[in-house]
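Below you'll find a set of structures to go through.
Presented sequentially are two complexes of subunit A, the first with subunit B as partner and the second with subunit C.
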Partner chain A sequence: MSYFAGIDVGSLTAKAVIIDRDNKILGSHILGIGQDSLKAGMDAYGEALKKAGLKREDVTSIVSTGYSRKRFTEAAMQKTEISCHARGIAAVFPSVRTLLDVGGQDSKSMKVGGEGRVLDFAMNDKCAAGTGRFVDVMAAALSLTLDGLSDAALSFKEELSLSSTCTVFGESEVVSLLSQGQSVPDIAWAIVKSIADRLVSLVKRVGIEQDIAMSGGMAKNRALVARLEDRIGFDILVPPEPQLMGAFGAAIIAKGR
Partner chain B sequence: MFEEFVAINSRGAGAIRDWKKRTGRKVVAVMPEYFPPEVITALGACPVRFRGAQVPISKADTYLQSFSCTTTRTILEQALDGEMDEVDAFVFTSMCDNQQNLAEVFKRLFPGRPVIIFMIPFTSQVQSRRERLKEQLHAAIAGLEQVTGSTFTQGAFEQAKALHGKHGALVDRLYEVRRRNPGAVTAHGFYSALKAGSHLPVEEHTDMLGPLVSRLEKEPVRPAEHRIIIAGITPEPLELTKLFDELGLYIVDDDMTSGARLYSKGVLAGTDAAGIDAFVFGGSPCSTLYDPSKDRGAYLVGKARASRAGVVLWQIKFCEPEAFERPDLTARLKQGGVPVMSFEVELPMAGFEGIRTRLQAFKEIM
Partner chain C sequence: MTRFRVSETMKELMASYYLEAKNAAYNNTPVAWITSGGPVEFLYAMGVIPVYPENYAPMCAITRVSKDLIEVSEAAGYSPDLCSYAKTDIGADMTQGGPIMGLPKPDMLIVGTNICHTVVKWFDVHARKYNVPLFVIDMPYLHDDMTEDAIGYVVRQFGAFKGFLSAVLKRPFNEDRFRETLFLAAQVSDLWEKVLSMGKKKPSPLNSFDTFIHLAPIVTLRGTQRAVDYYTQFYAELEELVAQGFGSVPDEGIRLLWDNLPIWYKIKYLSEFFAKHRAAFVVSTYTNSWAAIQGNINTDHALEELARAYLSPYINRGFRYRIDYLVRLIEEFSLDGVVFHSDRSCKPYSIGQYIVKEEVTKRTGKPGLIIEADMNDPRAFSDAQFETRAEAFLEGFER
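For the complex of A and B:
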């Protein structure tokens, strides 16, 4: 039996997935990066192997992806997360033609063809606006977890807006709104609207075509997905483990080698 | 093969400092393009260029807003750091608002050194444009005569044209050898070789280019699957070109103001209205020149198809002329079936990982 691995080392987390010839996920693991991205990736890979009940020598081929993909010399190939997320999502939802991947440090929109082939893509600029980092900082300003921010946003009562998409200025605005006595759910919703509106612009750069899916850690934020669906006017498909789509896609590419 | 060019660039304006010490002649900076360097050479001076650099910006922020383009800001920083101390006069062209304002800042900050402004008209009236350009050129020549203490003569002009013509012909051959065999010419080497000419007398740069071009022309043809044309103002930060080499993206041609656009103009044929107009508005289209008779979108689509290449729009923060054209160019290239992507850089810039991802993804979809 042959097994394949995908290792996705992003800006905040390292993800590893082991699959068999039928794309069945046998083991996966997600770890915080800490100070050493290579170690985090290898540790995530080790844990995924353990969960799959496999050893390193059982794996036929590895593909690495994510910001630290170059560091994995053990990998047969390094692919961008753009290609890997598209391949991963296409294996889960073959009908997807537009994909939005919102990670910790950057966001990407992709126009996807058959079998997860990327036809076009757009990325945010290097600032944190429109990325998971923005929500991370705002959640901290509200003393909420990421899940807590999503839950709070869904129970908003009053429509507030943040005028800035800049993380630094946005945080100042959140502090101001708190000092004005605005409720945490209303502020949380304003944060979600702010990032969602920026992401809609990113998706429009490649053109919106159904079906639409979302991957990356931010796809777990139900409030964000709801706001995006409202703005785009279509449902958004979210896989069960959106954070693993890059590593999953990398493993599928490894299988195809 | 390109080491000596890289070494010159690593010294900044060091080479021109040496030349000035050796010859005692004047140095005139063209800020940054589209003033004919033949005129400066004919007056016995050396034309140099400053196109932005990888220097931390601190002093320049006293005079320029943070939303000014980073090319302009780093040029000013270089001047304030003493990198232009050898320059006796500056000729600014009105390529963009930032550049025009920089000329005024230079007038105030460096009062001992003449600042000559070569205004390029924005008008659809070709005849009045030509007359205005002629007036501008003659005024600039008069100003440069004062700076150099020399008189502009037809004989000296012809000699200068010959020198720059020889140099331009070598640059054309360098471009041609890369079009024919992009696998043999690294992006970093190519643009290092061109950049070294910014800080060298034309005859010295010509002497260096000659052997390089001859050697490259003898190189066996190497495979170069993923072909790219870069388009923008200037390929800075230059280190970024190494990423193309590393990723196996072969730059086969460019549409850069400091590159193919500049050299497409050839030499200034004459100082009359027709001559200077042909020099400034001749050659390929440019985002900084108003010329309704030219269509940059069609030009780029044709160039990309001819080279079987994708196009990378190399945007420097906040270069307005290039930024204004980006959406239309992107759409036109896509309509023309040409793969296109863009990225934005600034000066100085240290990390290129985000751009690495974009370029690699572009290669993967090409």
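For the complex of A and C:
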């Protein structure tokens, strides 16, 4: 039996996935980056192997992706996370034509063709507004976890809005809303609306075509997905492990070699 | 970047041009600072040495001093949002910095608004500092087609420009030398177009990173015999290379167009990056702009033809023109895709690129990539961000 690995080392987390010939995920792991992205990637890979009950020599080929992709000399090939997320999502939902991947540092919208081929893409530039980092900072300002922020937002009562899309100014705005006595759920919902607005314009840049899917860590935020569905007027497909789509796609590319 | 035999010739040519300009005051030769789209033919006709802040600014970027000079301007109060050429130039002028320690002092300043309107205020700053006359030639933006009104408007200003030069230099405008200069300028623009059309060859003997560098003589020396000689030599060398089947990017695989100004401080890195991926920029809207400055001067309407030429550059044209033009270049140069540099400093070039990209892809099926950066300010470029975007774009051509 042959096995294939994808290692996705992004700006905040390292992800590793081991698959077999049938794209079945045998093991996976997600780790915070810490100070050493190479070590984080290798550790995530080691843990994924352990969960799969495999050893390094059992793996036929590795593809690395994410910002630190070039540090993995052991990998047979490096691919950008854009190509990998599209390949991963196409394996889960072959009907997807538009993909929104919201990671820690980048948000990307992609127009996806057959077999997960990227036909066009758009990305945020020079600014962390509309990324996972934005929500991370806002959740911290509200003393919430990421899941906690999503849950709180879903129980909002009053429509507030954040005027700033900048992460730094947004944070001070959240602090001042708190000091005005606004409720945490209302502020959480305002944060979700703010990031959703940015993402809607990003996805419109490549054009919205059904089916639409979302990957990356932010796809786990139910409030955000609900708001996005509302704004674009279509359902959004979310895979079971959206954060692993990059590593999963990388493993599929490794298999195709 | 390709090493041509003429590369050494160009270095000598540019060195002697700048040496002459630096020594102009000792030789009692007047110096004019002029914008990149300004009508230089009038100056050469009157024995004035034209000097280009827009040529000196990239020289500062390539020699890695633009960031320091930009910081000097910003510390003096110029907005961070101001064009990085303007900030580099003003910083270089304040400190007499950069590779030739500042430009020679101007006797007059000439502005053409066919590239942007920042130049009006930017040169105004110099006019106040040096207390020298400033002449602005307003060349209206063509939202749609060329109009006779626009041509007439520019021609009347050309007439006034002759009067201005004659008054500042205290001698009559030299019509004979002007005709000679126009003839040489048309010749060199024609040669430049022939050089650029070599990009149609497969493989292409030159790429945009080469033409960005070899652009200097047509910008600065347009209207001189030296420039004609230089591009004659360059074209002959390219013909030889084509006969040998030489490709400037080894094993050329992907043929691309570069839109907008170069990213000067990253030119070597970008050249190596794309060459590594077997991608060649065989044409660029930027270098093509100087091939457009080419009127049919063998008529009684030389000024009309010249006005038409100066209104024509890509940056002075509306979106419909830009889309049609890119579609045509994709066909003529057998391109696989287009890379748009969204240049933070050059708004008139960058505005509308998303729409242009979308329309061009719709009409040709060829993908486009937008890279956000800045032509002269290295603070606006991130290697990792660029590589992720560019590699994802290039991965799209696989399979």
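We take it that the second predicted complex is superposed on the first by the 257 of 257 C-alpha atoms of A that agree within 3 Å, B and C clash if a C-alpha of one lies under 4 Å from a C-alpha of the other, contacts with A are read in each partner's own complex, and residues count from 1 in each chain.
Everything that follows uses one rule, which is that contacts are C-beta pairs under 8 Å (C-beta built on N, C-alpha and C of every residue); 3 or more make two chains touch, one makes a residue touch a chain.
All values reported here derive from a predicted model rather than from experimental measurement.
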{"item": "Fit or clash - subunit C, subunit B, common subunit A", "value": "clash"}
{"item": "Partner chain in contact with A:123 - subunit B first, subunit C second, else both or neither", "value": "both"}
{"item": "Partner chain in contact with A:158 - subunit B first, subunit C second, else both or neither", "value": "neither"}
{"item": "Touching partner for A:36 - first (subunit B), second (subunit C), both, neither", "value": "neither"}
{"item": "Which superposed partner A:230 touches (first subunit B, second subunit C, both, neither)", "value": "neither"}
{"item": "First, second, both or neither for A:67, with subunit B first and subunit C second", "value": "both"}
{"item": "Touched partner set for A:147, first subunit B, second subunit C, both or neither", "value": "neither"}
{"item": "Subunit A positions touched by subunit B in one structure and by subunit C in the second", "value": "67, 79-83, 106, 117-121, 123, 125-126"}
{"item": "Of all residues in subunit B, those that touch subunit A in their complex", "value": "334, 341, 344, 353-354, 357-358, 360-361, 364-365"}
{"item": "Complex contact set, residues of subunit A against subunit B", "value": "67, 78-83, 106, 117-121, 123, 125-126"}
{"item": "Subunit A partner contacts - residues on subunit C that touch it in the complex", "value": "354, 361, 367-368, 370, 372, 380, 382, 384-385, 388-389, 391-393, 395-396, 399"}
{"item": "Of all residues in subunit A, those that touch subunit C in their complex", "value": "67, 79-83, 106, 117-123, 125-126, 205"}
